[in-house]
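The structure under discussion appears below in the form of structure tokens.
Each chain carries a letter (A, B, C and D) given by its place in the written order, and its residues are counted from 1.
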Amino acid sequence: MFNSKYEIEENYQVFPGHYLMAFKSLDIARTALPGQFLHIRCYQGTEPILRRPLSIHSINKEKNLVYILYRVCGRGTGLLSGMKAGEMLDVLGPLGNGFTMPKNDEKIVLMGGGIGAAPLFFLLEEIKTHFDKRIDKVSVFLGAANSDLIVGKEKINKMGFSGYYATDDGSSGFKGTVIDLFETIWTEGSPDRIYACGPSPMFRSLAEAADKNARIEVSVEEHMGCGLGVCLSCVCKVAGPGTSTENAHICVDGPVFDLRKIIF
Amino acid sequence: MFNSKYEIEENYQVFPGHYLMAFKSLDIARTALPGQFLHIRCYQGTEPILRRPLSIHSINKEKNLVYILYRVCGRGTGLLSGMKAGEMLDVLGPLGNGFTMPKNDEKIVLMGGGIGAAPLFFLLEEIKTHFDKRIDKVSVFLGAANSDLIVGKEKINKMGFSGYYATDDGSSGFKGTVIDLFETIWTEGSPDRIYACGPSPMFRSLAEAADKNARIEVSVEEHMGCGLGVCLSCVCKVAGPGTSTENAHICVDGPVFDLRKIIF
Amino acid sequence: MNLAVNIGGIFMKNPVATASGTFGYGGEYADFIDLNKLGAIVTKGITLLPRGGNPVPRIVETPSGMLNSIGLENPGVEVVLEKYLPYLRGFDVPVIINIAGDTIDDYVRLAATLEGVQGVSGLEINISCPNVKKGGLAFGSDPESAAEVISEIRGVTALPLIAKLSPNVTSIARVAERVADAGADAVSLINTLTGMSIDIRKRKPVLANIVGGLSGPAIRPVAVRAVWQVYQAVSIPIIGMGGITCARDALEFIMAGATGVAVGMASFVNPRTTIEVLEGIEAFMKENGIEDVAELIGSAHKN
Amino acid sequence: MNLAVNIGGIFMKNPVATASGTFGYGGEYADFIDLNKLGAIVTKGITLLPRGGNPVPRIVETPSGMLNSIGLENPGVEVVLEKYLPYLRGFDVPVIINIAGDTIDDYVRLAATLEGVQGVSGLEINISCPNVKKGGLAFGSDPESAAEVISEIRGVTALPLIAKLSPNVTSIARVAERVADAGADAVSLINTLTGMSIDIRKRKPVLANIVGGLSGPAIRPVAVRAVWQVYQAVSIPIIGMGGITCARDALEFIMAGATGVAVGMASFVNPRTTIEVLEGIEAFMKENGIEDVAELIGSAHKN
């Protein structure tokens, strides 16, 4: 876990309202795992004061570049989008627990809703590195409001994964949610493992749609203070021993959880 | 009086810790008078929240450029110094009452301490425009901590005024305060009119050093909220009718005052 | 679309007022906005006799806010009536005079002087100024003495009375209840929080008056909470203020229970804040299909 | 150069402590700073039995600050003693346990449990938490009940007692006086200001708990003022906190009268804040030729 300032390499709009930023960090590039996140200070003054949690989108290990892909939706991400190459970025991370890696023979589905898809690419990179022979067992389902907002279609193709796309308005691919698309395409059997990132309603539908035997790992969001398990702001209820429930803290126990354990 | 956003034309460090910024404003270039000031928003968020009062340093009437010369000493001026050409600057102004212009035959002294000299240049420009024939009657005395920090020496020469310089450390010109220098140089008679800008201890020495008959106009500083006479924060005591004293509000009744009327 | 509201008998064409002490006597902002568009103008606090206020420095900036210790500088009621009120009468906007005193008698005499004066639509009773030695906050920090001030003023005037409450108390709801009982037609809240700032180089307080009143976005969460609590405690209308900089902020107050809102120090930063708040509220109502601003008042209590 | 201070019997090698609830149980920040350099570690507030705390959302950012409504989530005193205290005993830093309860009896039993436990240097009595229905602020908002809690605890323990005071009162100085009379060895202030924030799109409070506690730079002027007033009212030492982000901020508190300072939410933003505050105080003392930090405590009262 590091807290340091790293030089921004590039930062530009990839599609309307969404930016891709790369910064140079040997620390993070060498140690981060897919699904982990960074806690980023968007301004050196006191307003806005809190750091912003953003997933690691991708890592270029040769160049020690760490990528984040973010949607501008408030003051923090607004300030972030104004930062230029050469400026220094104050990053705390990598934080939390990432995805567990698939076992050799598993049929795998990755599922992303909107900007939620951001962290899946780092996972795809790792899967490609370690399971290059079996990437035909991997399917990627992405959904977005419209075709402009689908994240990384080309990259998925280039990496050799099969991608399936849904849009709310039907402007590209399937018209409907990514879960609808999944149910339409995946008619036989069940994937062994599903990785999903997106808004929580998506997780609820997924819990219903998916086969009971599939292991489902989801990345959960909640407002965060410290990112270190200190402030206790980022609680999510999970199943405890027996029938009990307990508090998990998303920043340290997550953000990735076994969907079946989360109590909505 | 205007409140608008104007495009920054340039903004660069002129000497250590001091910046010169120009922005394009027909409104202000056409209406401002020497000694007036601008109330500038250095940040669009809420921290820092207040505007910063800064004098008009110079105006290029052909190009409608307004110049400010400022010392970086806190958060507001720090943010200002980071602004780039092409960005928009939120300016309220021109505000306050400026200097009264000299009469035709008067012997004139302009006196500036440190960054306090900033507004004197706009005054020199106006004097040059309207009294070009008599600029030999004008003497400019500037003081600063060291030779690096003397404002606009070259400009004074180029405009054809006689300049005299003092530094606290003697690194250039006279060693001592600008008032000491003035007393050393100006041994015979009295100037008819003195314009002075600088810290208030300088005004006190000046009140003692100068001849009783000289009219002395000084530009006074105080922390400001509104700049419009509303918040009543920028009070300075002045002589009222008879022996009474009353509150003047620097932002609307000043910043330029007759030194003899100020009650310290 | 209806934006008009009634603040204890003061008819406002929209909920947006100015906060006392941050809008002078109105004319100062006429270069930037059309005063006729305002819901109400609340003047700087005035006293019976002229006051010079506190020594400088009187303000200091703080994180997302500022402290002020003006100390009620004002030319006194006579000058205000002669010099400023005639100008304000030229506009079609209710004028609310903010009054302060050292003693209950001061308040009563001021209220009596203002009773029946043409162009005065209501009085805002400042029992919450942290910057004067006597009166002010001393009255506002105890529910009983607050009620006493209001009921004495009630005795001499039929003008709508708005009690301006301080957040520097254990229970602002309790103070609100007591002033409502005592005859206040409305309450306005919050006045500033008592605060201070120290110049570490000089090792002394920045403000000559040592303490001052904290205003600005920094205090908004405290102000919204105060409105929320007072809305649950009393049924008279509330004017909400404290850190409003835009329509979003104002809507927080309205949803918490404010019938009117007042823009304070934000006018110093952006002289058009009042009008932009108003336009933003209208835009919000349009977007959300809201016909009457009354539907929004206190709506956060229902969800 | 002497930085050591004595907070009511707790010997601190420097004035810089952590604020309860913003530093966990210490270990969380050990990756970033050397815990041995701290003046004291104050733990998250603990209760007799484990508590789950409030529903989410539990925090929301506000201008230059944040609201929290954690609601004293903690694993209970037993787990803290077994799981976290042994780790903290490994450092040469006084550990102050922050305790809270619903009833006076809860406080007394907690204090009795902690009495004589190795590695516990003192207790901070949280009578100022705005986020729990019972106890907490209910005790702290009345000088008499605050005093009662302290005197009952005093009866069962010889540990240094620090009463943590709330700013949500009419007179914090009065509460300080009464807890000092009741046997508190020191006071810490301020806890958070009660505030709230409304989501205008959903038209409901952002926090599930409706209200929360405001912390951060936004409240610093209120906190410095509270320290100033309490310093004039009592002679026991004060730990000052509220919006400290750097040495300059900490020095404001010290000059206002605080013997110790605590860094709260700033640690979330910059995990090294405590150490940077300490280093900055040292640098300030060196620059100004100050031999003992005691020379600075309350120095703004003298100028």
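As a convention for this text, a contact is a pair of C-beta atoms (placed from the backbone, for glycine too) under 8 Å apart; a residue touches a chain by one contact, two chains touch by 3 or more.
Computed from a predicted model, the values in this text were never measured in an experiment.
Visitor: Both subunit A and subunit D are touched by which chains?
Guide: The common neighbours are B, C.
Visitor: If I average the CA coordinates per chain, which chain comes out farthest from subunit B?
Guide: A
Visitor: How many angstrom lie between the centres of subunit A and subunit C, each centre taken as the mean Cα position?
Guide: Their C-alpha centroids are separated by 47 Å.
Visitor: Can you check how far apart subunit B and subunit C are, centre to centre, with Cα atoms defining each centre and the answer in Å?
Guide: About 37 Å separates the centre of subunit B from that of subunit C.
Visitor: At what distance in angstrom does the C-alpha mean of subunit B lie from that of subunit A?
Guide: Between these chains, centre-to-centre, one finds 55 Å.
Visitor: Find every residue in subunit C that makes contact with two or more other chains and list them.
Guide: Within subunit C, the residues that touch at least two other chains are 63-65, 216-217.
Visitor: Mark out which residues of subunit A touch at least two other chains, giving numbers and ranges.
Guide: 46-48
Visitor: Chains as vertices, touching pairs as edges: which of line, ring, star, complete or other describes this one?
Guide: Basically all the chains touch each other, so complete.
Visitor: Please give the residue numbers of subunit C that touch subunit B in the complex, ascending.
Guide: Subunit C residues touching subunit B: 21-24, 28-29, 31-32, 44, 52-53, 56-61, 63-66, 68, 70, 73, 216-217, 245, 265, 267-272.
Visitor: Quick check: in the complex, which residue numbers of subunit D touch subunit B?
Guide: Interface residues on subunit D, with respect to subunit B: 63-64, 217.
Visitor: Given the complex with subunit A, which residues does subunit B contribute to the contact?
Guide: So the residues of subunit B touching subunit A come out as 45-48, 75.
Visitor: Where on subunit B does subunit D make contact in their complex?
Guide: Going through subunit B, the ones touching subunit D are 46-47.
Visitor: List the residues on subunit D that touch subunit C in their complex, please.
Guide: Counting only subunit D, the residues touching subunit C are 62-65, 67, 141-142, 168-171, 193-198, 200, 202-205, 210-212, 214, 216-222, 224-225, 228, 243, 248, 251-252, 255-256, 284, 296, 299-300, 302-303.
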